[in-house]
Amino acid sequence: MARNLLQVRDLKIGATVYPPGEDPVDIEIVKGVSFDLEKGKVIGLIGESGAGKSTIGLAALAYGRGGVRITGGQVLLDGKDILRYTRAGIREIRGRKVCYVAQSAAAAFNPAMRLGDQVIEASVMHGVMSRTAAVERARYLFGVLGLPDPDSFGTRFPHQVSGGQLQRAMTAMALCPNPDLIIFDEPTTALDVTTQIDVLAAIKHAIEETQVAAIYITHDLAVVAQISDDIMVLRHGNTVEYGPVKQIIEDPHETYTRDLISIRSDIKPEAPDQSQSLMRLEHVDAAYGRGAPVLFDVTMHLPPGQTLAVVGESGSGKSTTARVITGLLPPVKGQVIFDGKPLPPALKDRSKDQLRELQMIYQMADVAMNPRQTVEEIIGRPLTFYFGIKGEERRRKVTDLLDLIEMGDPFADRYPAELSGGQKQRVCIARSLAAQPRLLICDEPTSALDPLVAEGILKLLMELQKETGVSYLFITHDIATVRAIADSIAVMYKGRVVRSGPKSTVLSPPFDDYTDLLLKSVPEMELGWLEKALASRRMAAAGH
Amino acid sequence: MASGKSGMSPVVTLLVQRIGIGVLVILAISALLFIGVELLPGDFARNFLGQSATPEAVANIRKELGLDQPVITRYFNWLGGVLTGDFGQSWANKASVNSQLLKRLSNTMFLATVSAIFAVPISVGLGMVAVFFRNKLPDHVINVVSLAAISMPEFFVGYLFIFFFALVLGLGDGPPIIPSDPLWSFANFELVALPAATLVVVTLAHMMRMTRAAILNIMDSAYIETAELKGVPMMTVIRKHAAPNAIAPIINVVALNLAYLVVGVVVVEVIFAYPGMGQYFVDAVTVRDMPVVQACGVVFAGVYVVLNMLADIGAILANPRLMHPK
Amino acid sequence: MSLFVFGYFALLIAGSSLAAHFGRREVFGVLFTVTLASLLFGLLWGQAAFWAISTLFILLAAAGGLGYCFREYMVMILPEKASRFMKTAPLTASFGMLFIIVVLILAIFADAVAPFGERQIVGDVWQPADERFLLGTDNLGRDMLSRLIYGAQTTIAVALAAGVLSFAVGMFLSFTAAVVGGWVDQVLSRVNDLMLAIPTLIFALVVLAALPQNIFILIAVMALIDQTRVFRLGRAVAIDIVVQDFVEAARLRGEGWAWIIFREILPNVLTPLIAEFGLRFAFAILFLSSLSFLGLGIQPPEADWGGMVKDNKDGIIFLVPAALYPGAAIALLAVCVNMVVDWLLNRTASLKGGRG
């Protein structure tokens, strides 16, 4: 039997946490994980935040971030346990046999050094090749990874290139010394979908070209399905399921894996389009300060009791649109019509009732709540502020609202720090519902949450809409979410609405160029999707 | 390289801007010290003569010193004088402020320079030691000792030195009396040893703590981890990855502390009867000799502003984003 | 070689060996460094160096022990929440608190505690310390200890008044600037930048030269200059919070400025603010002492620590330590305040979570 390149045996990793005002506590992050990796193969580690996947990846470099330390097990590289190596021995492995690609390439590159020098540093330092050979190889890799102008790319500084290019440069840096193994730690998570697909394709191409083995860490099952041979699903530091990619995707054995795969596949029936609208944006232009305009002629409409999804990538102007509606950013031109009447453009000119009818939910629930207030104070404040409800009655209403979000009375006396991510978002929803709004603006409310938790929040929002008839303006970059909950859609790109209408129309052909690109870039839970998407792209490009 | 279409690179624009702001700030400070002080309750002439002066005497002296003219006129007269290198005349001895000021400033700069020669390398070195032993005993010891040093007033440190000086040399021997001749010479190092040592002690701790914080900030960044994960040895990480990025913050720290040092000079000069600008300034303040007070105030503030400006310029020049624009 | 020197080295070497044997690297490092340093200093200055080092050691040990006992005592008698908080105090901070409390009590009850009057001439000039005058007498023959106690009263009262005033003004202005924003923020910030560009001591001396001498003016000038530092911190902290979503949520709800400042922002910045107040107080003590030392602070015959240094400085070269006592008092009080502040600041940092 050929010996595997990497064998991880019963790996245990712990850390010490220091809760303020209490004695330090030892916790276990990884509780005995084992897997094997052959030369030239890719294993995907998948799981939600706190599953221990990055920690395992770094253990393959014998590295613990912060106070993390490896407490047990073995990491055998070519049959030798690297955890028992001396410091010098470990240095010999790092950057020579095993390389690392970080999530945020922008922070991981030294801002004061040219990219080329950083890319070849490890190869030259470890004596893998001469400087000239390393520069030559870097050029070749830049080409393989589809970077512009490979000959001069290395002379640039990190701040002079884009995020997607930096991520590819980091991959080149990892590939340069011809390592046996590369750890990809969420390399595409911070990128927009249309950029992600390019980087993903470049990484896959480079792996095939160089026959390097890889550990690919991500929270997105659809992404990992495109690139790996095996998949290990992790949860709370334990292995949930481990097998070949085909089996995991097409025939998952565990409930948890099944849940991850079937996520957001139940599509809500679309409500009939209505000409009557609760809120309408008419030809809105907006700009920050005296800067260049960021919104151009934005028009959209939202019927009562329905959900309008505003879709776009970062910088598309979707959050700015929300700021215009809420009055935080009065538009330069155009107006917001609410319930048939124009809303005063600035927040300070709106009446208390107008403010009440329009509530907001944020992406980061933990900074959307004052950490020094209890859940009762947080949910109770709108009750007191808008309706003058106090004391016993307020407590009763807060309990009702907590029941509505499926949490219950015992949570009323807790502080936000004592809640989980999903619970925090639920409390934020309860706070906005307390005002009895007619329109709820949801600014990416699920994108910071783990998939299953996000699923729960979406279901709750749909339930609440059925019960209270509230309308949602749902801002997101995630097409899957849009498919699941929207009645109508507005696609935004560079400050303009490029496509809008009922969901069924917007999501079916013929498409405009951008929507087409966007839809084709969203990874699907399907083997071979990446190749198909790239092929169809090439065809489209050839057709033009 | 960095040459925009306008023919002037953004760095040059930025530097010109920064220097322009510095000049404006000095002008604004001079206006504040001249006009703002005038608007305060109280009367220069009465303060100068003392509370028992007769109204006639006060009126006379007002006329004599030109205080009967409106303040704006006097400010611009004064500013015109300063720009041509004339700081006016002392009220107390009717002597020209210029000759004294220049000599005193040169002496003060000598003391500050000697102190800086010792303070800068020692504190930056200690800061690095603290980083190296981060969260270990030497770091804690350096932390507590520097905290103590920050809390010590200059005069306590100074008199402690004099006390031990007397203890070693015997009763009645003070530190050497410093002549008011020009001091710039190696031979005078010994003469200023005690005041310089005092200044070193009071600035050392600040500079060291700020250096430590600046370097720690860099050692925590992701690109240092990247270098570690490439198998780069620790000393190389520090030399190749940390140091180039640490230069700007350290230049900043040093310049800020030199500014602090120039001001700390005032008290130290009084302790050791050092014939510098601080002593001159405090003497003038005691007798309310306003032309001297204002001249010294503006010069001190000017040196302070210029050093702060150098700190900013250092940071600009060490920033790759600005030196290599897109 | 005397028995003392022999015992001194025996103890140090035995301690170092034991520490090394039991693998306590840090303790070993300290003890052996002290041993080597003692050898060097002993060669240079003889036995006096050993006495100095031993005294320093004993003083440090005593301070540490006091700090430890005080912390355990407070943990025992304080209610649950406060006691948990107190448990996190390092020895330096707990000793600092103890010293501050003692000085405050001495200052408040100065009339009852001081053996002699503030301005009472009770002996010869610069009499050495004895049973009657525990710290000797000063340049006019007044009891040094009594003047130190009364000096504590004046120094702390003035510094505290200046600290409170600067803090109140700085906080009010900075929060207004951060919350209201727009041109109000612009004007306040630019004026503040300008004042920050002038070195504090120079500014104070120029202004005090132009004004009549009087204690209220002194407090006002100190507060005016110091509030610029409070403003800088307050604005930075408040801006940090103002951009948080929960403040935006409150603004969208239609809450007024008062609610946003007192209910949303203030509870979140309390710890850094308390720490900042400590720093301002320590700074005010040092600043006031420097002014008094230069003759522009509190005027004699009123006792204050900086002025007492000025009064007694001529004795130094005759080895009269009278000027060193008030200097040491200033340094010690400032150190103690700084140590407590250091602890509070570290706590805030750890609450936000460090690396990663």
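Order as written gives the chain letters A, B and C; numbering starts at 1 within each chain.
Rule of thumb we're sticking to: a residue touches a chain if its C-beta (ideal position, glycine included) is under 8 Å from a C-beta of that chain, and two chains touch if they have at least 3 such contacts.
Keep in mind the model is a prediction, meaning the values are calculated, not measured.
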{"item": "Most widely separated chain from chain B, with each centre as the mean of CA atoms", "value": "A"}
{"item": "A-C or A-B, whichever has more C-beta pairs in contact", "value": "A-B"}
{"item": "Rounded Å distance, chain B centre to chain C centre (Cα mean)", "value": "23"}
{"item": "Centroid spacing, where centroids are CA-atom means, of chain A and chain B in whole angstrom", "value": "50"}
{"item": "Multi-partner residues of chain C (at least 2 other chains)", "value": "355"}
{"item": "Sites on chain B at which at least two other chains make contact", "value": "none"}
{"item": "Residue list for chain A, restricted to those that touch at least two other chains", "value": "65"}
{"item": "Chain C-touching residues of chain A, taken from the complex the two chains share", "value": "18, 20-22, 65-66, 326-328, 347, 350, 352, 355-356, 358-360, 362, 364, 367-373, 381-382, 385, 431, 435"}
{"item": "Residues of chain B defined as touching chain A within the complex", "value": "221-223, 225-233, 236, 240-241, 244-245, 320-321, 324-326"}
{"item": "Chain B-facing residues of chain A, complex", "value": "61, 63, 65, 90-96, 99-100, 102, 104, 107-113, 121-122, 125-126, 157, 159-160"}
{"item": "Chain B residues within the chain C interface of the complex", "value": "25, 28-29, 32-33, 37-38, 40-42, 44, 47, 136-138, 141, 143-144, 147-148, 150-156, 159-160, 162-163, 166-167, 171-174, 220, 259, 262-263, 266-267, 270-271, 281-282, 284-286, 288, 290, 293-294, 296-297, 300-301, 304-305, 308"}
{"item": "Residues of chain C touching chain B in the complex", "value": "26, 29-30, 92, 194, 197-203, 205-212, 282, 286, 289-290, 293-296, 306, 309, 313, 316-319, 321, 323-324, 327-328, 330-331, 334-335, 337-339, 342, 355"}
